[in-house]
Amino acid sequence: MEDILQQACDGELSAAEAAEALRSLAAQPLGFATIDHQRLERCGSAEVIFAEGKTPDQVAVIASAIIERSGAALITRAGGAHVDALRAKLGDLPMLTDSHQRTLLMGQQPPVENESAIVIVTAGTSDQSVAQEAQVTCAAMGMGAVMINDVGVAGLHRLGAKLDVLRKASVVICIAGMEGALPSVIGGLVDVPVIAVPTSVGYGAAFDGIAALLGMLTSCASGVVVVNIDNGFGAAHAACLMARKMSLATTDGHG
Amino acid sequence: MEDILQQACDGELSAAEAAEALRSLAAQPLGFATIDHQRLERCGSAEVIFAEGKTPDQVAVIASAIIERSGAALITRAGGAHVDALRAKLGDLPMLTDSHQRTLLMGQQPPVENESAIVIVTAGTSDQSVAQEAQVTCAAMGMGAVMINDVGVAGLHRLGAKLDVLRKASVVICIAGMEGALPSVIGGLVDVPVIAVPTSVGYGAAFDGIAALLGMLTSCASGVVVVNIDNGFGAAHAACLMARKMSLATTDGHG
Amino acid sequence: MEDILQQACDGELSAAEAAEALRSLAAQPLGFATIDHQRLERCGSAEVIFAEGKTPDQVAVIASAIIERSGAALITRAGGAHVDALRAKLGDLPMLTDSHQRTLLMGQQPPVENESAIVIVTAGTSDQSVAQEAQVTCAAMGMGAVMINDVGVAGLHRLGAKLDVLRKASVVICIAGMEGALPSVIGGLVDVPVIAVPTSVGYGAAFDGIAALLGMLTSCASGVVVVNIDNGFGAAHAACLMARKMSLATTDGHG
Amino acid sequence: MEDILQQACDGELSAAEAAEALRSLAAQPLGFATIDHQRLERCGSAEVIFAEGKTPDQVAVIASAIIERSGAALITRAGGAHVDALRAKLGDLPMLTDSHQRTLLMGQQPPVENESAIVIVTAGTSDQSVAQEAQVTCAAMGMGAVMINDVGVAGLHRLGAKLDVLRKASVVICIAGMEGALPSVIGGLVDVPVIAVPTSVGYGAAFDGIAALLGMLTSCASGVVVVNIDNGFGAAHAACLMARKMSLATTDGHG
Amino acid sequence: MEDILQQACDGELSAAEAAEALRSLAAQPLGFATIDHQRLERCGSAEVIFAEGKTPDQVAVIASAIIERSGAALITRAGGAHVDALRAKLGDLPMLTDSHQRTLLMGQQPPVENESAIVIVTAGTSDQSVAQEAQVTCAAMGMGAVMINDVGVAGLHRLGAKLDVLRKASVVICIAGMEGALPSVIGGLVDVPVIAVPTSVGYGAAFDGIAALLGMLTSCASGVVVVNIDNGFGAAHAACLMARKMSLATTDGHG
Amino acid sequence: MEDILQQACDGELSAAEAAEALRSLAAQPLGFATIDHQRLERCGSAEVIFAEGKTPDQVAVIASAIIERSGAALITRAGGAHVDALRAKLGDLPMLTDSHQRTLLMGQQPPVENESAIVIVTAGTSDQSVAQEAQVTCAAMGMGAVMINDVGVAGLHRLGAKLDVLRKASVVICIAGMEGALPSVIGGLVDVPVIAVPTSVGYGAAFDGIAALLGMLTSCASGVVVVNIDNGFGAAHAACLMARKMSLATTDGHG
Amino acid sequence: MEDILQQACDGELSAAEAAEALRSLAAQPLGFATIDHQRLERCGSAEVIFAEGKTPDQVAVIASAIIERSGAALITRAGGAHVDALRAKLGDLPMLTDSHQRTLLMGQQPPVENESAIVIVTAGTSDQSVAQEAQVTCAAMGMGAVMINDVGVAGLHRLGAKLDVLRKASVVICIAGMEGALPSVIGGLVDVPVIAVPTSVGYGAAFDGIAALLGMLTSCASGVVVVNIDNGFGAAHAACLMARKMSLATTDGHG
Amino acid sequence: MEDILQQACDGELSAAEAAEALRSLAAQPLGFATIDHQRLERCGSAEVIFAEGKTPDQVAVIASAIIERSGAALITRAGGAHVDALRAKLGDLPMLTDSHQRTLLMGQQPPVENESAIVIVTAGTSDQSVAQEAQVTCAAMGMGAVMINDVGVAGLHRLGAKLDVLRKASVVICIAGMEGALPSVIGGLVDVPVIAVPTSVGYGAAFDGIAALLGMLTSCASGVVVVNIDNGFGAAHAACLMARKMSLATTDGHG
């Protein structure tokens, strides 16, 4: 903002040009999109691009505009064509991604604040793509995440072996499909918030994640909150807001 | 049947009367109902009276007809008026019932074959009325049932303390509302069939038992089978068929 | 625990009595219930009593057992008969309650750690009973809560006037019925987690809170997590876990 | 109609031929279809062709018959094969279409009555295909439409920047997926009818547009009416009926 | 507003008092509610009170505050206790109401602008309470409404006899339960917008209005828009916005 | 109609009065209702009064108007207050009713054409109230109906004993709750149409008749058609249309 | 049967062979299938082959076995591979089919009893594939069927022009997607049974035919019965049973 | 376990190595998975691999690890790529599979304990793939299974011919799609538990198996328990637990 004002003072920008530039600091109109550049300031992270339903071109243009301002852009639920268009437009930029290239962090990855504040637990191996979406999101927000995989309730001793890791967490993200029972069990074992992510793993009465979603919403454990089916991104985003606040608090405390 | 034939031979019954009597051995028409007296022989237990939607009078008349033939009648989902009508018509008969008088065994209670083959586990105290329906049903079929109450997944150590009882069971009936996660945990701990009963305990997204029902149907544990919401009767009935067969097998083995 | 051991050493308890006493420290069997006394230690708060589906007597007995150990008991979704039974058994104890006496804190209220870490926002006046359930829960966990009422999205300037309060929160609980849009708007204005509580306020296609629930789960704002319909208790419980961790972090920092 | 009668008077048509011709003025039977030519007169616009479930040939034949009578035909939800068949049969006719060629206006585009009476607002870039369906429909009915894209509720200041455009509208069409909250916010800002269009944008609990649909039906803002999921056509059609009536009223007033 | 400023100038209000007074012009905080007094200006009608879920007292206090500013208040979905509280607090004010006293206009009824712009049609006599809610709402917004009752699609000739009335309308509100087919038929007969209101009339697969709602959303007629089940208020509100704009247009035209 | 014309010719009616009288032959406006007197002629039976949602007075006035023209009126889903109002207004008329006075035929009962063309079968005693609604409806349309009660699929031999009655039917109405399996079995045994009526008998996953409804719609037997849940009236009405046509055919054959 | 007995008498079949042959008259076991050859006799038509979920081979083998006994086989919901397998095995047999080769009558087509007893009406051109399934089924059962296409409720005059054809029908099959309103209108115009077939035509809230299904089940017209979504076969089968009975009745009358 | 200890004693393993080896006896961490090797001991069968959502590689690695410990691995819901990966890694191992290679038993097939304790019944030929999943599962658990195919309720005499086989079963698995009525009929004929498996066979209101699922859950026969839609594996697993217990009982009896 100061740059713009300086340029106006220096006569490099007319008053009208400066006003337009200031307005686009907050919301940059691209015709098919209106980028919310203020979001970083208001909400603690830049706008995230939901790729589904957008053309590859639109995704690449939006990503480019966000990276220009914020240094990096997070893209979720991308398909192959989206990835190609991003590479074509922004190819020399570093890219962090999950193993299926559905979640992508283009641009500079922020330094990691805290390696182990967030623990991501999956009930089964089939839940892993959702867990990776969460992991990339944590990275995009500068938080590390410890993974504990395949410790579903039908073999609870597997979870028992990881209790020490769990109990060191500031927030637990618990990802499960089918009956989605794992968050209830974990919620009964820890004194930190548990963010439950239902997945569409299962068939028949799993109804693409509804069984797990309902199970998590009606959990008999008290500290469990829930996000949308397969929404690894949302869970990680919320977890980072929490963990970051906890770190900030600690840091403030030091001051 | 032999009685009827004897009476026919003795001339106490005309041929037509005897034929009618024989037919009613299998199915006794009451106008508003057709009692299936053959069921005991075919299915191992007499017809059970589902009281909802029947008038008190209808329930009392049907119960009376069944008791006359089988010595006892089991009535489920009865209301106060049904109980009154039963008492009025059959008052001097012994009656075994749950604490809310919704499930009633009128007439002679059969001797108990096996005190501990069936274990009934509830996730919470609010599931108890369903557990009692199961308990009275077991009694009606001559099987004992051990109760373990309020050991839901948010405090699993409570279940751990009862593992020895659980592992002695031939069949486990597991009753849970809300997210209905308990059967998955128990199914991962025992090598006998687990009959899961979802209950309508809960609110909001519990949807009167749908959340628990879906959770149980999609359980990640393998030996879990499911019955209708709040159907303590059906779970106990199936459990008794299983346990009885196991006992019979043992007994046959002795012979 | 030390008391028990001392009594055993002193010969006041036999070995068997001491063992039994120790076991009941963790899980106290009442027949119809098994109280999880360890929960306070594991999860940061004592077991909470969900009154629906329990008899008044059962609620009073459980509350009494919890208070004996923890000093206070929180009861949710109580009806008039439950309140009467509690008063009869525990009448001289202090009681904190919402204006409809559905949520009750019996016993000693803990001191409040932080007056303004949690902000509770309602979309409409009809959402207030859920907000009060949250408020009593916060009190039970020793956290204060600031209330902002009736600032739904059809008149957003009302929310605008409260932005300063909102932005000081560590966690926001946002309670809304009908279309449940408020959490999305708030999620776009703050950089802290927003716990969204759908309420059953509305009619027709509101489907007793389903419309709001789905809206919140699919929120376009990123930091929003969701609890069950009308679950003011669960939202507050999770919020307190978060806020407490933030405070602890700060305190630890000082050390 | 006058032509037919004249021809009959002139002996160019027999009485029977004339009767048949008159009948087909109202409803022209094509065997697999019965075209409602009276609709323009009754309802203010010619029959519109819903292409899904029709063979390419059927669509081309119906379009041709409508164009012959009305000069133009609007086709919605067309696929590639439909477009090919239309081009093959009617290739030299002008065609107005959205960027995915799903909505097509074949034939003469009517002059535009009013450039800015209708404002189309989308919550996100992914809603754009529905917005274009609405835009082509407006063109087919001779109304202009101003587009405001990507101003969803998670960044409301983007909407604020467009309030002046919004407040000049006679009708607002508001298109949103996910939680569908935008119409509630706009409904609270303007004094004209808001036609809300839920879209199938989203995943999981968005349930292909159900979340947005329910949210819009239960909007806390009063002037909001709703159409089917992804029904840009229907929204635009209704908006044009409203806007046209307003213009007519104005015009009548001048007379 | 001018009054306040005058009082400030005259020293009757301190600066702080004046600021507070000005703020409450826009949003008046009542603790449990925050009245949106700006709504009249923004949206063309004062805030409407949805009584369900509010205590009688709350409704009366809010109504009183609105009447003080706007001269009248519209209350929907009131119960007997709400009516009593309103009468107690505002008893001497004129009150316009439907025959079940569910929708109430307290205070001064505005003059009626146009007696016949809005036509309300019901499919059956059982839909009448919803029609009356619409009628009182029209009165509150200063518009007349013509009623055509009980002309459902199983006896279409009844509708035929009213075509002249229908075709004079600027907007049609069409109210139907069960299969909700009437709006499709009317939508095919008129060239004005049809606002369809599904009602909860019916049983079984009518699912409390869902059958009608789905039918209306998927209407094969093009100008049909839909509101929530039983939402006579919302339909009338939207209809008045439309009809008023049409009248304003005409009036502006004269100028 | 002739009466009216004669009166007009005789000067007892003015032209205007005669026109009005003729119009009301087809559709008699009562303000809150518009009676379709033409329905008898068009559809083979007079309009039937669905009492739910109508005031007692409205039902009595409509019934009176229909009886005046047709000699009798059929009222379905009446409550106690409706019956009282009917008796008050029409008390000296004969009344045929089911045992709960929910379905009432007021006025003259037509002679019965055929005693055994229609067979009504119920799966259980709890389905009887729906069966009685069907029975009264048959009587209102001049058809007899044979009842076979309580022959559900868990005891099929009971049905076997009635095969001869079933196979003499022209149409079978089959009424069942819970899983609604009986129509599939009967559809595989007869060569006449089977009208299946799902009932709301059952609990839990019976979902007030949805389980039975879906089961009947997806029946593996081919001649099964379905009506709404608990719609004994509709099933009987359709059955009578079928049976009557069969009789008429026979009669016509004689001529 | 007589053939078998004769062969046994003649010594061409042993007693065991004859018994086996007799049993297979009723039910022929093919390993993966058990053909119900008795169905023709019991239900008036041979078993029909539902091709979905069967391998092409299975369909061809079953068809061949049925044709051997009954002269023809009806196959529904076939795919291309099924048709190929049928042609490969039965290629020289006559085949009657719809235009998409989904419904096939292989073998001898029975003579048509009645050309116009059944009238098939569609609401739109997109409903035609279901109508054709019905038409082929009628042919397989020896009944003609008159088609009236594309006369949906948004242009009712199209239906009016066909009233004379409709009123000559013995049964009407009415096929409609979207809101499925046509059967209600037709049910109010004729005195014969109307079999309503909901189709999956539509999108969004049409929910693949659920909207039409619910609309038809809750029709305000009385003689409407319903079959499964897209079930042209079932509707035609039931219609033929009705129409055949009517013809038989007439014929019997002559004798 | 003894091997490990011996190696430790012999100094072949360090203490740390031995501890690690012991831990992995119970739960072997593979990074993306945590194999529960203790399950065989706890639950009577080794962990089963649900292939959906796992990469081919993951499935092959897990299978290999299980086979190493238990001699064989059961894989369900595999696709072609999974099979290829398994063959590549484990190609020389024996493989038992259904005809579509969706369920695979890799490794040594256990000897069959009892050839006829379990009877698998299907309602139609289209249910066969689910039946085969059950059959392979039985083989994996060392139990035989008798198949009775295509004996649905529309031709019950086909079932009658198999009653002797049915009545010899210890457990019946009953597999049916569409309305899923067969378990109710069988439940009324036998005195052993019936495990009902709904299948996704059917269309329209079959809702991919929901109709059958609800029908089975609400069965009027008492001994019926239910598993998830298309869950042949789960049904067979539970059946084997039951049948095995019965055999064990018998065997124990001999001892």
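By letter and in written order, the chains are A, B, C, D, E, F, G and H; residue numbering begins at 1 in each of them.
Here, a contact is a pair of C-beta atoms (placed from the backbone, for glycine too) under 8 Å apart; a residue touches a chain by one contact, two chains touch by 3 or more.
This one's a predicted model, so the numbers in the text were calculated from it and none came from an experiment.
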Along the shortest chain of touching chains, how many steps lie between subunit B and subunit H?
1
From the centre of subunit E, which chain's CA centre is farthest?
H
Could you grab the centroid distance between subunit C and subunit E? Build each centroid from C-alpha atoms only and quote it in angstrom.
38
Centroid spacing, where centroids are CA-atom means, of subunit B and subunit E in whole angstrom
54
Any idea how many Å lie between the Cα centroids of subunit A and subunit G?
54
Name the residues of subunit B that each touch 2 or more other chains.
39, 124, 154-155, 187-188, 204-206, 213, 217-218, 221-222, 228-229
How do the chains pair up in terms of touching? List each pair.
A-B, A-C, A-D, A-H, B-C, B-F, B-H, C-D, C-E, D-E, D-G, E-F, E-G, F-G, F-H, G-H
Report the residues of subunit D in contact with subunit C in the complex, numbered from low to high.
123-124, 152-156, 178-181, 184-185, 187-188, 202, 204-207, 210-222
For the subunit H and subunit G complex, residues of the former touching the latter:
124-129, 149-151, 154-155, 157-158, 161, 177, 201, 203-206
Going by the contact rule set out above, which residues of subunit C touch subunit A in the complex?
39, 42-45, 48, 170, 187-193, 195, 213, 217-218, 221-229, 233-235, 237-238, 241-242, 245-247, 249-254
Per the touch rule above, subunit B residues touching subunit F in the complex are 23, 26-27, 31-34, 36, 38-39, 47, 50, 52-54, 58, 62, 77, 198, 200, 208-209, 213, 228-231
